[in-house]
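Each of the next two complexes has subunit A plus one other chain: subunit B in the first, subunit C in the second.
Let's turn to the complex of A and B:
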């Protein structure tokens, strides 16, 4: 077990994920996404240290989504011809539809897995730093985002405060879930008004300390880009092409 | 593009990205449970929720990019929070933002009334649908079903994002927190009470 994936340059990792997803979108056979998914699991198992319990928990909703895809594609699938191999909910299913349904299901699974691979091995601050240093995102935007990201815990406390204050004044939150969802607007406006004021204060503070947002070439904490990143990128490319070729041959 | 932006507008925009990133994440989880039961159709009627921040920010800041950037940022925040949907979300956020941006750009960034906002919601819906058609493989589905999905999504974009965004912007304006942003100025550039 190594931590190679954790140390990989976040921008390269990000591009790998995006390219993989766009490539997957062209394949409608069940084997390509299945093989790619299995390959990803092996790569993640070998090259990262991930809390697999957390992984399983985060994968669960996507697993449910995948099941939804499976049966909708079977029931509402496009008429693609092929031989009828059985029936489902009173609808005849052809082998073509069967293959497509599984393809979409595995696609959902491999996409979620790919995303979790990124999310669980990437440090948010390093990711933004890397976006600024390697992908030339304007510093104004990058630092602005980081400031906002630091506000997260504050916003959470504020939400609790607003709710408690409203309850104290006797606001009825409602019994049904839809009443609560509609009730979000009562929380959202004070939250946003607070956010506007915080944003203004933070921006003035940054300008007062001489932050101009000019593009720069030197950084306090450089995010490195090296041979290791290209090698890992190559590994993913190999996995991607491998599963595409194998999938077409099997399908 | 960032040159004409004031620092406070950028921080405001990204803070809204953060707030809506959280809201979006909550709805992604709600939607996923739902989607397991009734398939991709589950998302369509509530899709507008994911377009709101574009419309709200554009209503306040009124500069090119004010629809695209917060939507992309909200997606980045969702990813940073460790959403399982991950980087593909950033891509779909960018595409949704572009849809709304296109609608505002088509009016020359001059009008910010309800019809334009509803148009922006429809724009986001349309752009995201084309992207979804490609990435999620909707071409494998029955065209009639796809048409139903599209109609639901556009309606949702117009009503939830368009009307909802306008409602939020008006509500915020009434709090008085937005003095100093473009929304508080009238056409002649005077302060609006």
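Let's turn to the complex of A and C:
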């Protein structure tokens, strides 16, 4: 086991994810996403140290979604012709429906797996720095994101405080989830009022330290881009082409 | 000391007006600041001190389209001839809010961010970072996540970020506003050492001058209309004088707490504690950060579930540090009527007594901070909560706001309301409190008569408190 995926340049990794997703969108046979998904799992198993328990937990909703896709496509899918290969509970399933249903299911699994691979092996700060250094994302956008990232815990803390204060006033949050979602509105106004003030202060503080939003030339910790990243990128490209070709041949 | 050649900052008849205002914020201000001086800009809230500071570091007029007239020269060059960002490496700034000054996770990354901004070559960055950490005594915090630091430590990091640019002038924008007096005094001492080592010119905006002792050499006073009303050598300031007040404690008990304790997620927040507050009594709850003060307050008014013990009271209200957290409606009147406990008549009565009449139809978010607090207290009283717990109402308040708070408590107390106030500000406590509750590391030290506590320096120090200035002045003189 190595940590190669963790050390991979985040921008290259990000491009790999985007390109893979776009490519997969054009293949409707079940084999391409299945092979790609299995390939991803093997790569992740060999080249990263992921907390698999966390991975399984996060895959759970996607897994349920995938089963949902399978079921709805089989039962409600448009009749696109093809031979009936079986029926149960009075529903006739054609071979085309069957193939498409599995294709969608595996696509959901491979897309979510791909996103998790990125999320679990990438440090958000390094990712933003890399976007700025390799993909020339403007510093204003990059550091703006960094600031909001720093504010998240503060905002979460404020949200708790506001909720406690409002409960004291006798706010009934409601029994149903939709009542609670509607109630969020009451929490958001005081929180956003504070957030706007904080954002302005942070902007002033950054500017007072010489931040102008101009592209920068010197980095304290350059995010490296080297042969290793291209090799890993190549590996994913190979996996992608392999599953596409194999999928077309098998399908 | 560098030879004094030319003034670093020179203002001649500088006026400033925000485009949306009719009246100028600053009126024909003229003064010079020489290298190595320690200057404080003082004046009432809203007199334009912060605006003036932002003109010096060029945040204004660019960020507000403000209209400047007169001549403002920085290091002998007209201020508008400096390119954006160019002046900031020579004039650095530390702001007041410790939570809104950083954009990177760790101290080292934050320092590096500053160096990248001013395009320091990469080879030089390492030595600058090590250097400034040594200078500021923050070596141990290099890889610490900034969010985990205390307010005082964050202000030191902010100062380090300013100093790493090797500036000639350091601007301080109310750097003590969010700190408790103990931490504030430590920061002032630390800044004093730093200035002696570096010979920096310091220009500060501050309203709590009493905390600075003899730090400054010179005081520039602005009047309420933004004109210069004084430029004189600095003299240490006494703390704010609050009016004397007779006790209004009545005999009946308003809140009695018996062996109350709280556990959150299996962890004991504070050990069982008991005390009694009487109607009309004002008590201050004090202790170091993280000692369980806020948790006790929240347990008393019912936000936290108690895990043992009893609280007897007819109703306990809570006013958080940001009173707007309580607001749920779009007018002050609706805010008081929200719970539906109070009849329209009693709400009108309450509106009059709290002097909320003129803002009764205003949106509770749009009124001043002092008025927000009045509305919050009004809402608590309308909900039949005659005992009011206030969480850090003194933090970040200037003298005027503190007096306003004092008077508000004074009015309510005379009508028999009871207050429990969490504060670090012992001057305020000395003026407003009948009794002091001390807590430390989740253990209740006890309830003391206020006068007893101020003279017990060991007890105060053990709870990270600074004795109020002139603590003995309240005692009768031995004639």
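One rule holds for everything that comes next: the second predicted complex is superposed on the first by the 249 of 251 C-alpha atoms of A that agree within 3 Å, B and C clash if a C-alpha of one lies under 4 Å from a C-alpha of the other, contacts with A are read in each partner's own complex, and residues count from 1 in each chain.
As a convention for this text, a contact is a pair of C-beta atoms (placed from the backbone, for glycine too) under 8 Å apart; a residue touches a chain by one contact, two chains touch by 3 or more.
As the structure is a prediction and not an experimental result, all values here were calculated from the model.
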Putting subunit B and subunit C on the same copy of subunit A, do they fit or clash?
fit
Pick one for A:111: touches subunit B only (first), subunit C only (second), both, or neither.
first
Given the touch rule stated above, what does A:171 touch, subunit B (first), subunit C (second), both, or neither?
second
Of the two partner chains, subunit B (first) and subunit C (second), which one does A:204 touch, if any: first, second, both, or neither?
both
Subunit B or subunit C, by number of subunit A residues touched:
B
For A:193, is the partner it touches subunit B (first), subunit C (second), both, or none of the two (neither)?
both
Once superposed, subunit B sits from subunit C at a minimum Cα distance (Å) of 5
Overlapping contact positions on subunit A, where the subunit C interface meets the subunit B interface:
147, 189-190, 193, 197-199, 202, 204, 206-207, 211
Seen from subunit A, its contact residues with subunit C in the complex are 125, 143, 146-147, 150, 153-154, 158, 161-162, 164-171, 186, 189-190, 193-194, 197-199, 201-202, 204-212, 214, 216-222
Within their complex, subunit B touches subunit A through residues 2, 5-8, 10-19, 22-23, 29, 32-33, 35-42, 69, 73, 76-77, 79-80, 82-91, 134-137, 139-143, 145, 167-168, 171-172, 175, 177-178, 180
Can you list the subunit C residues touching subunit A in their complex?
54, 57, 59, 63, 84-85, 88-89, 92-93, 95, 97, 99-105, 109, 112-122, 125, 146-147, 158, 161-162, 165, 171, 298, 301-303, 317-318, 320, 322, 324-328, 338-339, 365, 379, 383
Any idea which subunit A residues touch subunit B in the complex?
14, 17-18, 21-22, 25, 28, 58-59, 61-62, 64-65, 67-69, 71-73, 76-80, 100-101, 103-104, 107, 111-112, 114-120, 124, 127, 138, 140-141, 144-145, 147-149, 151-152, 155, 184-185, 188-193, 195-200, 202-204, 206-207, 211, 213
